[in-house]
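Here is the structure we will look at.
Think of it as A, B, C and D in the order they're written, each chain with its own count starting at 1.
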Amino acid sequence: MSAALPVAILGAGRIGQVHARTIAHLIPEARVVGVADPRLGAAQALAAELGIPTVSDDPAQLIADPQVQAVLVCSSTDTHADLVIQAARAGKHIFCEKPLDLDLGRIDTVLAEVERAGVQLMLGFNRRFDPDFARVRALVASGAVGRPEMLRITSRDPAPPPAEYAAVSGGMFLDMTIHDFDMARFVMGQEVVELHAMAAVLVDPAIGAAGDVDSAVISLRFADGALGVIENSRRAVYGYDQRVEVLGSAGRVGNRNIAADTVQLADAYGQHDPLPLDFFMQRYAAAYAAEIQAFVAAVRGAGPLSVGGHDGRMAVVLGLAAKRSVALGRPVRIQEVAG
Amino acid sequence: MSAALPVAILGAGRIGQVHARTIAHLIPEARVVGVADPRLGAAQALAAELGIPTVSDDPAQLIADPQVQAVLVCSSTDTHADLVIQAARAGKHIFCEKPLDLDLGRIDTVLAEVERAGVQLMLGFNRRFDPDFARVRALVASGAVGRPEMLRITSRDPAPPPAEYAAVSGGMFLDMTIHDFDMARFVMGQEVVELHAMAAVLVDPAIGAAGDVDSAVISLRFADGALGVIENSRRAVYGYDQRVEVLGSAGRVGNRNIAADTVQLADAYGQHDPLPLDFFMQRYAAAYAAEIQAFVAAVRGAGPLSVGGHDGRMAVVLGLAAKRSVALGRPVRIQEVAG
Amino acid sequence: MSAALPVAILGAGRIGQVHARTIAHLIPEARVVGVADPRLGAAQALAAELGIPTVSDDPAQLIADPQVQAVLVCSSTDTHADLVIQAARAGKHIFCEKPLDLDLGRIDTVLAEVERAGVQLMLGFNRRFDPDFARVRALVASGAVGRPEMLRITSRDPAPPPAEYAAVSGGMFLDMTIHDFDMARFVMGQEVVELHAMAAVLVDPAIGAAGDVDSAVISLRFADGALGVIENSRRAVYGYDQRVEVLGSAGRVGNRNIAADTVQLADAYGQHDPLPLDFFMQRYAAAYAAEIQAFVAAVRGAGPLSVGGHDGRMAVVLGLAAKRSVALGRPVRIQEVAG
Amino acid sequence: MSAALPVAILGAGRIGQVHARTIAHLIPEARVVGVADPRLGAAQALAAELGIPTVSDDPAQLIADPQVQAVLVCSSTDTHADLVIQAARAGKHIFCEKPLDLDLGRIDTVLAEVERAGVQLMLGFNRRFDPDFARVRALVASGAVGRPEMLRITSRDPAPPPAEYAAVSGGMFLDMTIHDFDMARFVMGQEVVELHAMAAVLVDPAIGAAGDVDSAVISLRFADGALGVIENSRRAVYGYDQRVEVLGSAGRVGNRNIAADTVQLADAYGQHDPLPLDFFMQRYAAAYAAEIQAFVAAVRGAGPLSVGGHDGRMAVVLGLAAKRSVALGRPVRIQEVAG
């Protein structure tokens, strides 16, 4: 076996920490050789915890470090495009948290740079690596349900984000639904060609005041004619509700939510089961580890690259199409947006 | 207790037989005194089975019979309006299978006649009387899920009807989805104000050739701003899929499909559970009985009338709105259709 | 089709009423021509409700009635043996509620009379006709789980009977567990050869004061070497708990409890499902109907007789063996009791 | 925070590796400073993987190492007693895999040495730390089911061990059921006072030829009078079946089996769910980590010691009582065995 892949973590926040720990504890094929964060203390703490040799408050320093072969872009969304371009120019392979950017033109620039550099770029759509959703996709791909005809995604956050987050995040469609758009393309194995979004502010008026929505029903039409629907809400007091179902000519496949345990209590009032996990990092813990393993394998030539630049672009395209549908009050052909 | 309510069955087909047997065996508060069907043999067979004294090939004869106090209109859809008008003019209370008619103007004429006559009219939206859906509604009405924000109805027939049926039935939205539209109004306890239908022919090309669709995603906006979605397919090889779910500010409520038994087999290949019931008369057996009990109770003054003429009209309005949405490729305000 | 089988109901209590209504409404192949009960009013009320022509306070009168071809013995346990003998001598076919008697010698006398008379005798072990348990048995018999190795029956009443009932009923093993013993023989398709009962008074001290127990674990060994266990309790505050599971060399099969509906509510505290049905007549409604249908079919030669005299005897033998095991504090070979 | 607890791993087999990796990756409060195994290569491989500084083929060397403060005894069963005694005399805290020994006299000697040395001893009954079983125990202890009256443990291995293992392991009761005995004491929070075991050879005749059994039903009576039953089988082709249920005066609590995913496929033949996990190391992965965390916390004074020497002794006592019950064909009072 060749030596472990040396990677740098750009951004020592919540998700950067998750990826760094995953590599340190679970992926002997890679090692974290540097961590950078403008908040130097965060980078230092992570480095101390995991024995990471290089720490910096400037990601450019690690990108320039010749020993670094790959970077994980875990910084705030508005820095993604710049860091990816810098890393690509430096010849580093790149794992980038979603979204690449909120602007399509900018995304195209980034993708062009990545292609020119010939490096690998993987987007952090972690849900593809969730064991449940991966199994749904595998069953659909295997023909277990025949020809897929109808997709349903129920995706509800446990609780709404602060309203001020609505503005910086690009809004619900680009921040939250973007995962569901990627899931739709992944599970069905084809592109969406048309969508209609019906949205509302039902959870928090402040989100509406900030110009965003918190609830939506999004109808999808796929390239081969199949239909789909995504239901979103920013609030599910019973936990993080993440369900996917596909109806096909030969059956149906779908997952259930995952709870912390399986213990049922039956008393004089009912049969009571535990709630679904309500924190995305807990619900998708296995998926976060699996996506980094896949990235490392791809960079080392030990596996295919999945979730590439096109996937990152299309999820943003669909988010923009949904915004447009709400703004215009009509269905939107994806071509109108995708350019 | 007063004497049993004398009723006549107009139409001795499948559903007429169900209602006649329900009254004979389960509802001592009513008795079937006559049955009419143009196919006289069908009426005679039913009369023989249940000891019904009067048989005719002409419903008008039973409507005119002074001992008959109420009629159950179980004939083909195109006769509903005429028979309801005749019965109303004769002062009979009326239970009518859905739909009243496929034409709104005609429905309005019927409703005006019913109102003028002062008789009771109940529409056969049996699903409101299903124990599961009644429980979902009761929990929503009780505030168990807080303010309702999102409704989902998954409604899939086990197998598509013959394509020729598409034409006479008014199409999927007026034949099949009409039940889901009524369920939407029932469960949410309010009106739909806007809808968007995205539809396709995925199950049977002959249905498309006949000018109908067999699959659809219908987004709903309710009067108070809540959202909803109805997913329809004419085919679910695993059985009759009938699920309703409501998300509210304080929780979620929904039903599961019902199978013939609860027996699970686990072998080396998986854990196998029985399929959902696949015949609507079996799935909704309890609902058919309960709706007739409710009608008899209402006529006898022992209970409120539910599912009245307005409900019958609005379900057709929503079906027409869905057709219009597909035809125009845009959302439709219900007011555009409802007049 | 020949004329409907004329039957008499002996005993117009709760279970006699159930059987009479079942025949009147659901079994056209039979008709109730008479009902007898020492409490004449009860018999008269049932006759009035269903239009039964003959009413008596003396079952002997109906047994002697030449038009009666079969009787349903629904009277108190202490009268079963006498009535069965009388009916057998009169050449009537007999359906008898369990148990035949609490005394083995007396049972043997009854069975000899029945055999001499050449009439059919069916015992009311209704659970064999429950759709769930019938399905479990069918899957076991089909080889779906391979060779059966371990049976588990969890059988818990919702609430204990009055303590005074303990004495007259013969105690828990002969009153309640007797059903589970029959189920064990039915599901496994073979005899029990040894059992050990560990019992306790945990629910109601008054039951203990009356000389009975209210909780037990009964280990079973079957003729082919397979093992089994019956868990009993006289109290399950969450409903009537009736589960059977069989482990075999190739898998496992078992049922779930049945609730009034399938509606789940998820709120901030948990996911709540409805309780199992808590009244045996509701839980086993379908089974009561199916067993009478089977009896009528057998008498009319349209089906095999199931649950015959031997089955009735063996269930009592096992109940007596369990009592003996508790009394002696050791396992009991069934041969010790069966004679 | 004080420095990390230095521990040595005695035995580099399957379970030793699990514990070593757990400490290296998940427990910063401890560090593995040495590993010993007579098969030196195994110890060296583990040391290389995790960067463990000291490696030996002799556990005594690590026990004598002054820097080692605690040892994990992960060697073969026949060495447990000696190593625990050596470690106790050397003043090391001890985590020991079950069982301490198969001989009660020897166990008592070990426990006396441990007490004399004043070190902490924890037994590796990992299931107590499983999230499901811990939750069952917590609900029982909280009074959620009222007074516990009936315990059921269904415990089935996916596949039988080689028959030759039967002899060295002490037999099914001391090798497999021992976990269930500990679970029974843990969940009910009290001692067993009597048991009866009915056993058979149903899975593999070679196990019988080796003098062991592979299937059993074990009835339990607890100190306060409550009852229980353990069902064991060495084979469940559908996976590792690990269920616990407690009935109490106020309800019932129990867990379900855990599968690799939650994805259900419904096709024309049934609704199919994934099988339970079939490898104990996967099923109990979280439990293995949690028990070592608890041990480290207890040694560091940051938590109570659980699963001590008495627990280790009582599980063996119950296993011996079960063997005695089978040999004598009668119930056994635990006092007969416990001395």
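List of remarks:
Simple rule for what comes next: contacts are C-beta pairs under 8 Å (C-beta built on N, C-alpha and C of every residue); 3 or more make two chains touch, one makes a residue touch a chain.
None of these values were measured; they are calculated from a predicted model.
Across the assembly, the mean Cα position most removed from that of chain B is the one of D.
When the CA atoms of chain C are superposed on those of chain D, the rotation angle is 180 degrees to the nearest 5. As a whole-number value, the distance joining the C-alpha centres of chain C and chain D reads 43 Å.
Each chain gets a centre from the mean of its Cα atoms; for chain A and chain C, those two points are 58 Å apart. Centroids built from CA atoms put chain C at 40 Å from chain B.
Residue positions of chain B with contacts to 2 or more other chains are 237-238, 250-252, 266-268, 274.
Of all residues in chain A, those touching chain B in their complex are 146-147, 149-150, 152, 154, 156, 194, 196, 198-203, 215-217, 219-221, 225-229, 231, 233, 235-238, 241, 247, 249-252, 329-331.
Here chain B touches chain C in the complex through residues 25-26, 131-132, 135-136, 139, 144-145, 250-258, 260-268, 274, going by the rule given at the top.
Note for the complex: chain D touches chain B at residues 237-239, 259, 266-275.
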